[in-house]
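Below: a set of structures, written as structure tokens.
Here come two complexes built around chain A, the first alongside chain B, the second alongside chain C.
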Partner chain A sequence: MKKWAEVALGVVTSIGGFLEVGSIATATQGGAEFGFQLTWVLLLGVVSLAFLMEMTGRLAAVSRRTYVDLLREQFGVRFFMLPLAGVLVVSVLVLSAEIGGVSVALQMATGLGFRWWAIPVVVVGWFLLWRGTFGLVEQGTAMLGLVAITFAVGAVKMHPHWAQLGASLVPSAPTHDRARYWYLAVSILGASISPYLYLFYSAGAIEDEWTLDHIGVNRVTAGLGNLFGGVLVIAALVVAALVFAPRHIQVDRYEQIALVLASPLGRAGFVLFLATLCITCFGTTLEIVLAVAYLLAQGFGWSWSENLKPDKDARFSVTYSVVLLLAAVPVVLGLDPLFLTNISMVLTAASLPVTVLPLISLMNDEHTLRTHVNGWLSNTALIVISILSVVLLLAAFPLQMLGGG
Partner chain B sequence: MESLSLVHDVLDAQLVDRREEKIGRADSLLLELRDGAPPRVTTILIGGAVRAERIGPWMTWLHRAIRRLMRREQDGVSRIPFSAMRRVGDTVQLDVDGEQLESGHLERWLAKHAVCRIPGASGERK
Partner chain C sequence: MQLAAEEQRSGAITTRYSAELADNARHALSELRSTMPDAVHDDSDRRQASAALDSLDRAIRALDGGMAR
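On to the complex of A and B.
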């Protein structure tokens, strides 16, 4: 019985965790400019993330160690600097974007400018981390994040052409604005496959004291959770495609995205959109800042746990406090939150090789995983994701120049 | 006789003290060269300065610059005799008291001067 409760919780966590500022922005931009055509990219992102989460979760359940812990030990401190620097820079940027997302939602709800909201948002988040446990952060944000189901309701009420949507699950090249299309594809992948997600997931498996018994829970959580989460992002793309594309509206402000659900759901749609943006971005803020603190603490061997009192892991708790404040700075300075979102999604995509490639070696190490090393399916997926990550690294910057505007 | 790979099993491994508290990672290992006898491993080093040396000259330079800025005399490195090693597994246990280690000064300084000044920082359980 307890197992099923864990599975349910894990799935709910993934649903709530999937939708955040990056996926909301990139999916609606994609839908507005290219209709359903980019749906296949979302599917690719969802499946890739599901595989990566299953692997890092299995690694933690079998070895009772986190991905970062093994990364530092097996690859040495010199190599470790690469993923450390890459994930650090990208995560702080994405964190800023999430804080921007919460702040913009609050601006639209109250009329008070988003710059004023950044510090209050960060203080509330910090207070929850300081006093709360890992369970509170994980479960609290998961339950509240279910408000994101609004997108699915909105999509169904718009009566999309299902056959056409199904057809767009097959990759296709654009007939117009090619650079923009591929730029959005890279952004969508960056928003779906974020390193903080699997770093957080792997550390969470240790916080929740996973053992070999959790391999099944892990598989279902990673699979089903991401499937449901992915459906919600596809729903966001579908609504945007039906609301914006026929009117030729290109999304370049969050105020426009906020109207996306007003079409199928009226005033309630607007309110629910704000709630979704606010809650999911806030939950993601907590996850990212914890992921950064986990990365440093595990990489350097400090004491760490969100379940310990802050004086028992001073460096860990000072890290999340300082990083939260640091990430609020761009928002306080008034940097456009949507610009911040788009740039950080492209950078995320470019940063993937440094955390994906080491998995090829770790997931096939019998010394660590014994009989639970990757099978042919996981290895095939991992190779495909690795190639994809290198392509993203090479393509990200040129596409940012050509299609980012 | 069981063998131990220094690079695979000890270097970069998570170190814990006698109370199982995490005290850092094995940032470097020292060999002692002896006349007329084979060299032997004597010391496990923990600390930013030795870690920086492994990363490269630029990191050593950066580390020194930061130390000068902070006006710290000590190098913040703990030198622990290899004989203090008690167990090698997922973590390496050393028979030392983490509270006394030089490499833990930042943790203690932050706990005392920053963390404990904020309400709710200490106590038994969250």
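On to the complex of A and C.
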């Protein structure tokens, strides 16, 4: 019974945690400009993330060490500096975008400019991290994040052409504006396969004291959680495709995206959209800042746990405090949150190889994983994801120049 | 903007949000009006740009009108 409760909680956490500023922005932009056509990219992102989370979760459950610990131990400190720097820079940028997302939602609700909301958002987040536990951060925000189901309700109420939607799960080439299409595809993949997601998941497995008994829980959580989370992002794309695309509206500002649920659900849809943007971005803010603090603490061998009192892991606590404050700076300076989101998603996509490629070796190391090394399915998926990550690295910057708008 | 005006008429969006949209659109409109002479190359360009600006102007007035009611 306890196992099923853990599975249910894990799945809910994944659903709530999947939707955030990057996925909302890129999915609605994709839907507005290309209808259902980019749905296959979302599916690819969801499946890739599910495999990566399952692998890093399994690694933690079997070895009782996080992915970051093993990266440093098995590849050496010099190599470790590469993923450390890459993930750090990208995560702080994504964190800024999330703080921007919460601030924009509050601006639309109150009329007070988003710049003024950045510091209050950071202070509330910091307070929760300082006083709260891992369970509170993980489950509290995930439960509230279920408000994102509004997107699924909105999509169903818009009566999409299901056969056409099903057909868009098969990859297809664009009929117009190729550079923009592939740019949005890269952004969607960057939003779906963010390294902080599997680094946070791996550290969470240690925080929750996973053992070999959790291998099944891990598999179901990574699979079902991402599947349901992915359905919500696809729903966001579907609603945007049915509301914005017929009117030829290109999404350039978050204020436009707020209209996406007003069409199918009226005033309730508008209010629920603001709630979804605010809650999911706030939850992701906490997850990313913890992921960055975990990365540094595990990388440098500091004491770390969100369940410890701050004076027991002072460097870990100072790290998340400083990172939160740093990430608020671009928002306070008034950098356009949607621009910040788009640029951080492309950079995320470009940073994937440094955390994906080492998994090929780690997940086949019998000394670490014993009988739980990758089978043929996981290895095939990992090789495909690795190739995809290298393609994203090579394509991200040219596409940002050609299709970034 | 036209979508915003439609949603405002149906009561789906708040007055505060409509006012914010209208302000942003007014700012964009005045910026576009000042840069338009440098951007258009011929009469056809000029006609299309004027039509787009008029449409934006109408949508802003529709939004303003909705808020006044």
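Just a few scattered comments:
Simple rule for what comes next: the second predicted complex is superposed on the first by the 405 of 405 C-alpha atoms of A that agree within 3 Å, B and C clash if a C-alpha of one lies under 4 Å from a C-alpha of the other, contacts with A are read in each partner's own complex, and residues count from 1 in each chain.
Basically, a residue touches a chain if its C-beta (ideal position, glycine included) is under 8 Å from a C-beta of that chain, and two chains touch if they have at least 3 such contacts.
Quantities reported herein were computed from a predicted structural model and do not represent experimental measurements.
Per the definitions stated earlier, placing chain B and chain C onto a shared chain A by superposition produces no clash, and the two fit side by side.
With both structures placed on the common chain, the touch criterion links A:266 to chain C but leaves chain B unconnected. Annotation for chain A, partner touching more residues between chain B and chain C: B. Look at A:110: by the touch rule set out above, it reaches chain C but stays clear of chain B. In the superposition on chain A, contact is made by A:64 with chain B only, not with chain C.
In the superposition on chain A, contact of A:132 is made with chain B only, not with chain C. In the superposed pair of complexes, A:311 makes contact with chain B only, with no contact to chain C. No C-alpha atom of chain B lies closer than 38 Å to any C-alpha atom of chain C in the overlay. Residue overlap on chain A between the chain B contacts of one complex and the chain C contacts of the other is empty.
Interface residues of chain A facing chain C in the complex, by the touch rule stated above, are 107-111, 243-244, 247, 249, 253, 255, 258-259, 262-263, 266-267, 269-270. Considering their complex, residues 2-4, 7, 10-14, 16-17, 19-21, 24 of chain C touch chain A. Every residue of chain B that touches chain A in the complex is listed here, in rising order: 11-15, 21-25, 27, 46, 51, 54-56, 59, 90, 106-108, 110-111, 114-116, 118, 120-126.
By the touch criterion given at the top, residues 63-65, 69, 72-73, 76-78, 81, 130-133, 300-304, 307-311, 314-315, 317-318 of chain A touch chain B in their complex.
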